[in-house]
């Protein structure tokens, strides 16, 4: 490896570290939502988020595999810009315990498109060819996923009724 | 037992316990939980060396969800429990968390005195400007014209409690504000707060979509605070007094002697008992 | 009393509607309760919820009868499951048997074995399908219609109740609900209704009221015009009900920063001459004890309605228990005589709170009124309660002596008091021991005089018959207090129906205990059984402390969260001495 | 009953009761008593229309020494009692007085919330930077290096509580500082405080010669505050934060809506009861 | 026990020295007490003061004997008045009779009639004149010398004690005091000394200790290394003694902002594994109850030493009363079993506080130790107490199960606990009801299991003989608790001397009450008399609540501020059944 290649691979590693943080965050958030929706007796939305959590987690795994055994740089959470205001955690606040799978999918769609846009930005801004290569692979993968989401949304839209208002009063557990 | 090496490899999710939150989906408290676990992982703290103390409220349920030592006490007394723990066990990293009702209404006095005392503690106030757990009453931070609680049908008509201003006036040495909608930024504040030697106060805007659905708009309202972090209390007072309550960042860091238990030349108990001899 | 505690077991039906968040089980229960009222019957509704704030599972439990209903039954006649999710959480709370009926939608899946193994029959109805056939239709209203059919309630009563309850949601919601109810009603085949269900009667004016509302009303009837409090489950609804209504009566409700503030705020208001009250539950009561001691010592009338929940500490906030008796009676430092009262039913929350306020005012002391979650958060259909005929108010010193002796030792030991604004009645109230003038004193004679005065004014007062509810005569004496009274009265009736002679003694005035009359009321009963819902048998021990019980008296004390059921008591009595 | 004319003729000593203070000779609290009676006489308030509420401490003994209605409650709760009284009896002039321990240590939370609530109350804090009644322990306003209490033999090591700063941060609408060594000046502050519509806080430096003999030097240390009274909280914050704690005068007056009990269209109780009818 | 409660009445001398502010009565008393010790005798010193913070009048009361002294006598043998100002305030507290002697300076004016009408003899001495004859001389030391002469105490003992006590004031002061003492001694004519005064003995090692210091020492012996508290009379001296000494033992004392903070701070420290304690008196205890309930529910060891004073509310802060028994036993909301202990004497404050700490640690619960002003603020000369032979400490889960079950229901119902820092023992302590793992639960079975566990660990523990002090056999049984024990023991001795057979039962472990053993200890006594210092007969009622008393038992309850004197009990018993 010459010097240039080494520098390049540092940038690739940094890109991968960001991607890994992003996908891990998504996966964890989906899992958290899945668990809380389960507790709130919404098995349909819970099942969907569980599936998506798997997806996020395996994406994160795949990212790590691309390093070919090299350690990713330690990235404090706040240095991963992708996790800031526009990151995948946003879906949490939009969640509601009565949300339908359709609503859940729309929320995920927003989130995943946002991830995809972040990869696209890297593709656009990167000078490093390695980064460009990996980013375009990731975009391809993301686009496939988005397509799948679109199709799910279409399917769900047919039978979708927005949730009815909760007529029951809230509880005060403490 | 975990080695230092293991610890370094702990991920945020390793700091989550197996107990699932009862919080409403969409509750800001989830992100505070996530920020805390990120901060602990970043600092690589051994789980057993951390204790998270709380009072009562939705927010105060958090210790059970973090896989460190935890204590879920009574309403309003979290900082007192934490202060006792830290004084007796200075080797531990002691975090305190809870809601605006817990911390600023019933717990207001301990907040004042914890700020003054400057023990090496971190206090994370999860502020949703409402009592979530008891179904939506006004808290000290609620705007005076919020009239959705049956207990104050015309609004409280009372000025809001300003956590940062009170912290400063009480003598806190680290004051910051974060937003649950930005858990990574919040994680950074928590890391800095833990690293700060002395009492660190992190005021977190953490929406309650159930009783304050309009708080979803906080996302649009928050903004970085425009001042540089200062160690001048007069500048900080200026910044905080003129602040809109939605600015994020670290307002104030001061380097102050940290409270510590005084030690004298050691004597044995039987030596002490000699004093009673006539 | 305009209200008997008798509830014939055979003539009551118990129904539970369960479902997870958003399914509307609680709303259906509320409409059902009102329907029962419109059908000329009486009813009681409680509920149980999961630990989530929203979206958890919930169960509404309604029992109705042609007689007033003051306790849950032993078993449920009907369970309607809007879905099966997490219904198992309620298994302990919903005893079923082979005479029970389960209504469910096959589309919701199979009924869990934990329920079906009771031998209950299953009636399947396409609830969801029916609901989706109605624009804006909801399964809870369909289920409600089916309940009505099974219980032979008039459809009008249900649709009118739904219209009333749902009116704020708009006409479309009401129309959809009406249609769902009727369709649900029709979906039940004829001949599937309960044979023994209480028959609808000609409707009479009835009230639909919760125990917490009843306590609020009692406060207003007693003259309370100032309330300061801090929210806490399960007492908050008292405040929610009072806040707008106090305004309409020129009164004030103040949400305090904590319980230390609220108790001291009511002391301030009451010092000002305005009858004042606060409400709380166990943890809050603990925080108020210092303030209450101040009110006792400075002789400022002050009332606390303490809605008990599972303890100790934070305990089980959403469940009922009668475990705050000890702190209410004994939780003061120093010798601090005061009043403790406990309503015996939801209806009785009105009169007993009113009485508590009146006594506190009349005797210038503290009254702690002990209700609990099972009364406070339940609703009942009752006869409109009359205003009881007592007038108890503060004795004012309109023409004070000179110098005005605020703490004068009078014949009845109550010292007439002034309120600020009275020109010749200036004094300083004090929690330090004082002489008659109110000046601090540590002289033994002053201390003794004031201790005795504070004790004597309570001991010597004529409380009349209201101190307890006594029913029947016999060798068996069932002694109880507060919310457990309903269960004990019903158990006694059943025992009588079996030929036993039973006396029930349900104590309303717990302190000062009317020991002598109580002993007489127990008389020569062969068997005395003390029933209460806590772990340490607090009432039993208290009665012993006062030497009110014969040595052979037995205790039946059982903690929450499950309610005590009448059958438990019947079984105990039948088992003989082996409690 | 006294007529308005009689009242006008009441002298300060007419507002003193026949009970003789237990205070130590030389105690600053005597002058506070004198300032209060002067203020009442100046305002010509009918004795029976005034109530003076306190907690526990040497200072808190004051109600018995003033010939108005009085209430000597428990430690730390004076402002809560006063708030309840004022809310229920808005016609009365309600004064609250007590010590630094009573008001800022155990009573700190009520101080915060009384400042926010802005009821038309006057609070006179008689600050001697020590617990007099319990024989000389450090209070929140005690300097961190004062080591004369056996409970804190090295000093508390804790920042002083800044009453004026906390009052401002909590939202008080009238903030002043007086000195018992200048009872006439203090009387003026008390008069202005009573006249101020809303919550008025008068912080009084009132030496305890018994446990803090060095406070005799306060006479030399006090000085008028150099700023004009302001209604701008930012300026006030600036002034108070940079203040040495010994400046006298009115720091802050703001015209704010006064808390009042909300009233609705009146209904009779029997009308209200109709709501329960099915 | 290395210390008998027997104090022969005849062999004890009671002396009071009174004077107004600055006269040095209390200092004279302190020196006198130490002199007594140096003379090889035992002694007890209490004091009484006016309401002023400084400069009020005060009285030092010293009683000494050749046997340990645990209570005041019935009367005073000697009153020394440094002046007559305000001495009347003490009239009730200083019973004199014709056998008493009053020493006073004619220059101070005539003795008030209220004193002389007792028939006491007057011995005039030119105290002031003697003092002014010594450079820097003070009247209190002259008076002390006179006391020594009357009581036949060796002058050396007095001058050495004065030198020791006054050493911090410098040599000149010591020299002047020495001279005054000797001159005072000489001023009493020979033959004026009491015939029956206890004879000085060969000096042995003795301790001079106050009850509050003793409680502090007990805490340290028990292993307490963290204390948080808020000052309050009459408990503050415990903190004053502990603060510097905890530092020397690597411990910490924190002055908290209030009692809510202090109790929660000790919970925090104890959660951290460090044995922790707080101290307070009635008003503070009221504020701590919520926190103590949390400690009970979350099973965190926590100890409160509550030094009782006159109640209710602010009451009489400087005087003693035993009126916080109710709140200590019953003052919790919910069912909250815990420990209540009461030392029986100043000496016993050491062992009982130590035992309380040990039991709280061993049983993971709350221990409330009830001492009072009469013990806490009095000083005694005692035999150096040995360290009692018990080892009670927290059971640590060094090898926690996986998952670690913090609240495991074990055979003895105590669940081994971890402290933060233990790698595999992570848990969350909780005051919400929980399951064995510590997770919140509202399931009936979990609630019952935890309620029973918390009760059983206390009920089932073997407390050994320390639960009470039992002395004698007989038809008369005197039952008492806490500080009243000293009086009762002395009364019993006098009764025995009169030929009665008396058993004394002084209870140290009040909760859980060892009911069965207590009943056995009462046995078949014909007459049972329960003695305590409060108004409502709290202990008597508590014993009845536990069904520990025969129906014929009688109560002798009398409030403060005056101490109960042995003669009162003797008279009562002699009067027969008319208590």
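Quick notes on this one:
All chains are identified by letter, namely A, B, C, D and E, in their written order; residue positions are counted from 1 within each chain.
In the analysis below, a contact is a pair of C-beta atoms (placed from the backbone, for glycine too) under 8 Å apart; a residue touches a chain by one contact, two chains touch by 3 or more.
This structure is a prediction, so every number in the text was calculated from the model and none was measured.
Looking at contact counts per chain pair, the maximum sits at C-E.
Taking the mean of C-alpha positions as each chain's centre, the chain lying farthest from the centre of subunit A is E.
Here the CA centre of subunit A is 58 Å from the CA centre of subunit D. In this assembly, the C-alpha centroid of subunit B lies 38 Å from the C-alpha centroid of subunit C.
Put simply, the C-alpha centre of subunit C and that of subunit D have 42 angstrom between them. Work out the mean CA point of subunit B and of subunit D, and you get 31 Å between them. Shared interface positions of subunit A, defined as residues touching 2 or more other chains, are 39-40, 97, 169-174.
Residue positions 51-56, 233, 236, 244, 257-258, 260, 283, 290, 293-294, 298, 313-314, 317-318, 430-432, 440 of subunit C each touch two or more of the other chains.
Of all residues in subunit B, those touching 2 or more other chains are 22-25, 56, 72, 74, 76, 105-106, 108-109, 112-113, 133-135, 140, 153, 210, 262, listed in ascending order. In this structure, the chains touch in the following pairs: A-B, A-C, B-C, B-D, B-E, C-D, C-E, D-E. Residues 1-2, 17, 19, 46-51, 53, 63-64, 67-74, 76-77, 80-89, 91-92, 109-110, 112-113, 261-267, 269, 272-273, 276-278 of subunit B are the ones touching subunit E in the complex. Listing the residues of subunit E that touch subunit C in their complex gives 51, 92, 260, 282-283, 285-287, 289-290, 293-294, 296-298, 308, 310-319, 321, 323-324, 326-327, 329-337, 430-433, 440, 442-444, 447-448, 451-452, 455, 534-536, 538, 541-542, 544-547, 551, 559-562. Listing the residues of subunit C that touch subunit B in their complex gives 51-56, 230-233, 236, 239-240, 243-244, 253, 255, 257-259, 283, 313-314.
By the touch criterion given at the top, residues 11-13, 20-26, 28, 30-31, 34, 38, 42, 56-57, 133-136, 181-185, 187-188, 191, 207, 209-211, 216, 219 of subunit B touch subunit A in their complex.
If you check the complex, the residues on subunit B that touch subunit C are 22-25, 56, 58, 72, 74-76, 105-106, 108, 131-135, 137-138, 140, 150-153, 156, 210.
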